[in-house]
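Pasting the structures here.
Note that chain A is present in both complexes that follow, paired respectively with chain B and with chain C.
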Partner chain A sequence: MNTLLSLGDNLQTFWGFTGFANAEPGHIIMILVGLLFIFLAIKFEFEPLLLIPIGFGMLIGNIPFDEAANLKVGIYEEGSVLNILYQGVVQGWYPPLIFLGIGAMTDFSALIANPKLILIGAACQFGIFGAYIIALQLGFEPNQAGAIGIIGGADGPTAIFLSSKLAPNLMGAIAVSAYSYMALVPIIQPPFMRLLTTKKERVIHMTPPRVISQTEKILFPIVGLLLTAFLVPSGLPLLGMLFFGNLLKESGVTRRLAETARGPLIDIVTILLGLTVGVSTQATTFLTAQSVKVFIIGALSFIIATIAGILFVKIFNLFLKKENKINPLIGNAGVSAVPDSARISQIIGLEYDPSNYLLMHAMGPNVAGVIGSAVAAGIMLGFLG
Partner chain B sequence: MTKLNQIGFLLLAITLTFGSCSTKKKNPSWVINEVMVNNKTNMIDEFGQRNGWIEIYNNTAKTQDLGGMYLTTDKNNPKMYPIPLGDVRTRIKPYQQAIFWADAKPFHGNFHTNFELDSTRENYIALYDVDGKTLIDEIIVPKGIPADKTFGYPKDGFKYDEEGNLMATILERVTPNSNNAIIAENPKIAEMKRNDPLGIIITITSMLVVFTGLFLLYLMFHCIGNFSKNMTQKRVAGRRKLSAARSESQLSGEVLAAIAAAITELKEDQHDIESTILTIQQVKKNYSPWSSKIYTLRQLPNK
Partner chain C sequence: MTQAIEKALEIAGIGIIGVFIFMAIFYLLILALDTFLPYKEEVSAEGNSVEVETEDETQN
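Entry: the complex of A and B
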């Protein structure tokens, strides 16, 4: 009899440790969101390299367990494996490593050949500050608003970097929001691109970019770093790594290093970053009213950035000679979701004129957007850090 | 942009770079942050005694070790009190502090110096580096500091104000082993909330900075591009090759092909029999010749 009783007790204790006994509605919601991410990534190929790790991370992070039992399995429990992997996000050293890889894989030729396109990348940063103003109105503190605003920079690593410094408690929501909207750029941007441009503007053929020399390509990361980092030293971790990666690529003598940076290194960091950001959405700490607000502001920031880029090109065109006019359909590409927003310019451009290839031109503002958002993050950190 | 303008721009950039170099006085990496000379009713040490004390502040963002450095009250004897090596407590975390008792009882422990402070006269206190020669920080505590009051810097680690004047003064509160300035909230955020509740000012300022940064980049590459074009044109002129002209001119492939055809036709008019055949072949790619650039970016895997 006693044996049966103690077996019953054991089973009851065991039941208390299972996910079923500890599940809350929030866990189920987050698991469903994770499954949706995985579905979107596989079915529609929306940023699969990010949505698969984040989506699966959401499943891992939302398996309920008894937090009071101190099992050291959760991402927020000091010393757990996931917590150790999460340090790269918390301390902000994954994002600069990702930027190193981005630098080593990005070709800045379009920008160097037609440097005025850089300014479109600057205009799109209105998305960041527009979102900052909205977040303040919704009751966020200035540092939180700054971290939320950076979603409008459409740059996942930058968003994680800045939120880890300014508002660590919102980092999960900000990262998931930034990556989700980056994946949804093909849905968010086209309606505004069509709405804000005329038929005549959509078929503008831009002058083909000139061929640029190797020397110019080598000078770009060096001059770029010196100019931007002197102006905004707080953006140094991101800008320094971005331009360093690019020099590895363009110098022509560090092929092995460049290949590692844009290959195995960025892949490893992307896996760890994506997975841990996904796991960090543990429902008990993630699912709050604030997170919902972050998602709403995030969507608005992408819209503002897109509109700002297109309108800027239209205004800029007023001052340009006829042969130098810019097709406003590349205005959206200043949103630095590389290379998706540039692809959208290409696709929409071809819809209206099958001989109008905008991709090469759109890559200019696209990579300028990366620099612009890193500079904007540096400014935010300087003002609010 | 003419060559003269380019040189002017370069000179302006150099002038701005060097002209903007800071000449402000720098705060040292260690600061003698707070000093109590006459301790009547204040903090007691682990032996239950009251003595003067010196607070040293790690004024950097890294953990530093005080072990092996020297504290002194005599300019002519910089090695008066060597701070003992090998004590983990002398490793001070960023922006944290350590207290040294000026009780002339070095055998009471590693944080007890071999000198005392004298409330009847001015006290000179200095911290020297491990070589015993390099002065890191010094402070002169004036005569007549009231009992149980401390002399130091109201803002931890900040010795100088904007004009470079020393900020040392008698402090309002005695704060051994803690910050002299009590910070309840991030001052930047508090100021932002007070002065810019709508976020308009920061938006305008930040966008100006973003535009300035990227505009400078534009200007620089506009100049570099022009310079590069001029150089290439000179080289091309020497070579007289069509491929070189293609690489330099801004004409499309089709236009250059038409020019080439016209030249050939002209030559054919001059010769009855032509020994060469001109073939114009269009390069076909899915998007454009430039679209291959996309493959240098991260590729999406196929299902």
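Entry: the complex of A and C
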């Protein structure tokens, strides 16, 4: 009889440790969101390199367990493996390493060949500052509003970097929002591109870019680094690594380092970053009214950035000679989201003129958007950090 | 207009102007690069231009 009672007690203890005993509706909702991310990544190939680690991380982060049992499996439990890996996000180590890889894989030729396109990358940062003001109006603290605004930069690592510094408690919502909307760029941007442009503007053929010398390519990251160091030193962790990576690529003598930066290094960091950001979205900290507001502001910031880029090109065209006019369909590409937003420009452009290839032109504002959002993040950090 | 909104608009204004100044200087520096270091046909170690080399390879 005693043996049976003891067995019953043990089974009850075992049951208390299982997910079934500890599950709450929030856990189930977040597990479903994680499954949705994985589905979108596999079925529609929406940012699969990020959505799969983040989605799987959501599953891990929302496994219901008894926190009082001190199992050391939760990301917020000091000393757990996930907590140690999460330090790379919290302390802001991963985003600069990702920028190193981005620099090593980015060809800035389109931008160097037609440098006026860099201004489109600046115009799209209206999305960041517009969202910042909206977030303040919705009751967020200034530092939180700054971190939320950066979603409009359409750059995941920049969003994570800034939110880790300004609003760590909102980092999960900001990161998930930023990556979700980046994946949804093909759905968000086209209606505004069509709405804000005329048929005549959509068929503008841009002058082919000039040829770039290797010396220019080598000097570009050095000039960029020095400019950042003197003008926006707070942007150095991101932009410094971006330009360093680009110099590794363009110098021609550090091929192995460039290949490591744009290959294994960025892959490893992406896995760690995506997974830990996903795990950090525990239902108790993630399913809040604040997160809902973050998602709404995030969508608005993408829309503002897209509109700002297109309108800027239209205004800019008023001052350009006919042969130098810019097709406003590349205005959207200034929101970064490399290379998806540039691909959208190409796709929409081809719809109206099958001989008008806009991709190489759109890559200019696209990479300028990466620089612009990192500069904006540096400015935000300078003011609010 | 409350003080908080004024401050927000000030930061947003300075921020967007700051981004434009950064990008405008970058734009001028790239123009300067093009002016002082214009593209020249790159020359191989044997003294032939790259284009000529490519043509030779195609012919072979």
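Operating definition for what follows: the second predicted complex is superposed on the first by the 385 of 385 C-alpha atoms of A that agree within 3 Å, B and C clash if a C-alpha of one lies under 4 Å from a C-alpha of the other, contacts with A are read in each partner's own complex, and residues count from 1 in each chain.
As a working rule, a residue touches a chain if its C-beta (ideal position, glycine included) is under 8 Å from a C-beta of that chain, and two chains touch if they have at least 3 such contacts.
This one's a predicted model, so the numbers in the text were calculated from it and none came from an experiment.
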| item | value |
| --- | --- |
| Simultaneous placement of chain C and chain B on chain A, clash or fit | clash |
| Contacts of A:Leu359 with chain B and chain C, given as first, second, both or neither | first |
| Per-residue touch tally on chain A - higher for chain B or for chain C | B |
| First, second, both or neither for A:Arg194, with chain B first and chain C second | neither |
| Partner chain in contact with A:Arg255 - chain B first, chain C second, else both or neither | neither |
| Chain B versus chain C as contact partner of A:Tyr132, first or second or both or neither | both |
| Partner chain in contact with A:Lys72 - chain B first, chain C second, else both or neither | neither |
| Which of chain B and chain C A:Gln214 touches, first, second, both or neither | second |
| Chain B region in steric overlap with chain C, selected from 63-71, 225-233, 261-269 or 279-287 | 225-233 |
| Overlap of the chain B and chain C footprints on chain A, listed as residue numbers | 111-112, 115-116, 118-119, 121-122, 125-126, 128-130, 132-133, 136-137, 142, 145, 210-213, 215-216, 219-220, 223-224, 227-228, 231-232, 368, 371-372, 375-376, 379-380, 383-384 |
| Parts of chain C lying in touch with chain A, wherever the complex brings them together | 4-5, 7-9, 11-12, 14-16, 18-27, 29-31, 33-34, 37-40, 42 |
| Chain A-touching residues of chain B, taken from the complex the two chains share | 17, 186, 188-189, 192-193, 197-200, 202-203, 205-207, 209-218, 220-222, 224-225, 228-229, 232, 247-248, 250, 252, 287-288, 290-291, 293-294, 296-298, 300-301, 303 |
| Contact set on chain A toward chain C in their complex | 111-112, 115-116, 118-119, 121-122, 125-126, 128-130, 132-133, 136-137, 142, 145, 210-216, 219-220, 223-224, 227-228, 231-232, 368, 371-372, 375-376, 379-380, 383-384 |
| Footprint of chain B on chain A - complex, ascending | 42, 45, 48-49, 105-107, 109-113, 115-116, 118-119, 121-122, 125-126, 128-130, 132-133, 136-137, 141-143, 145, 207-213, 215-216, 219-220, 223-224, 227-228, 230-232, 266, 338-339, 343, 346, 357, 359-360, 363, 368, 371-372, 375-376, 379-380, 383-385 |
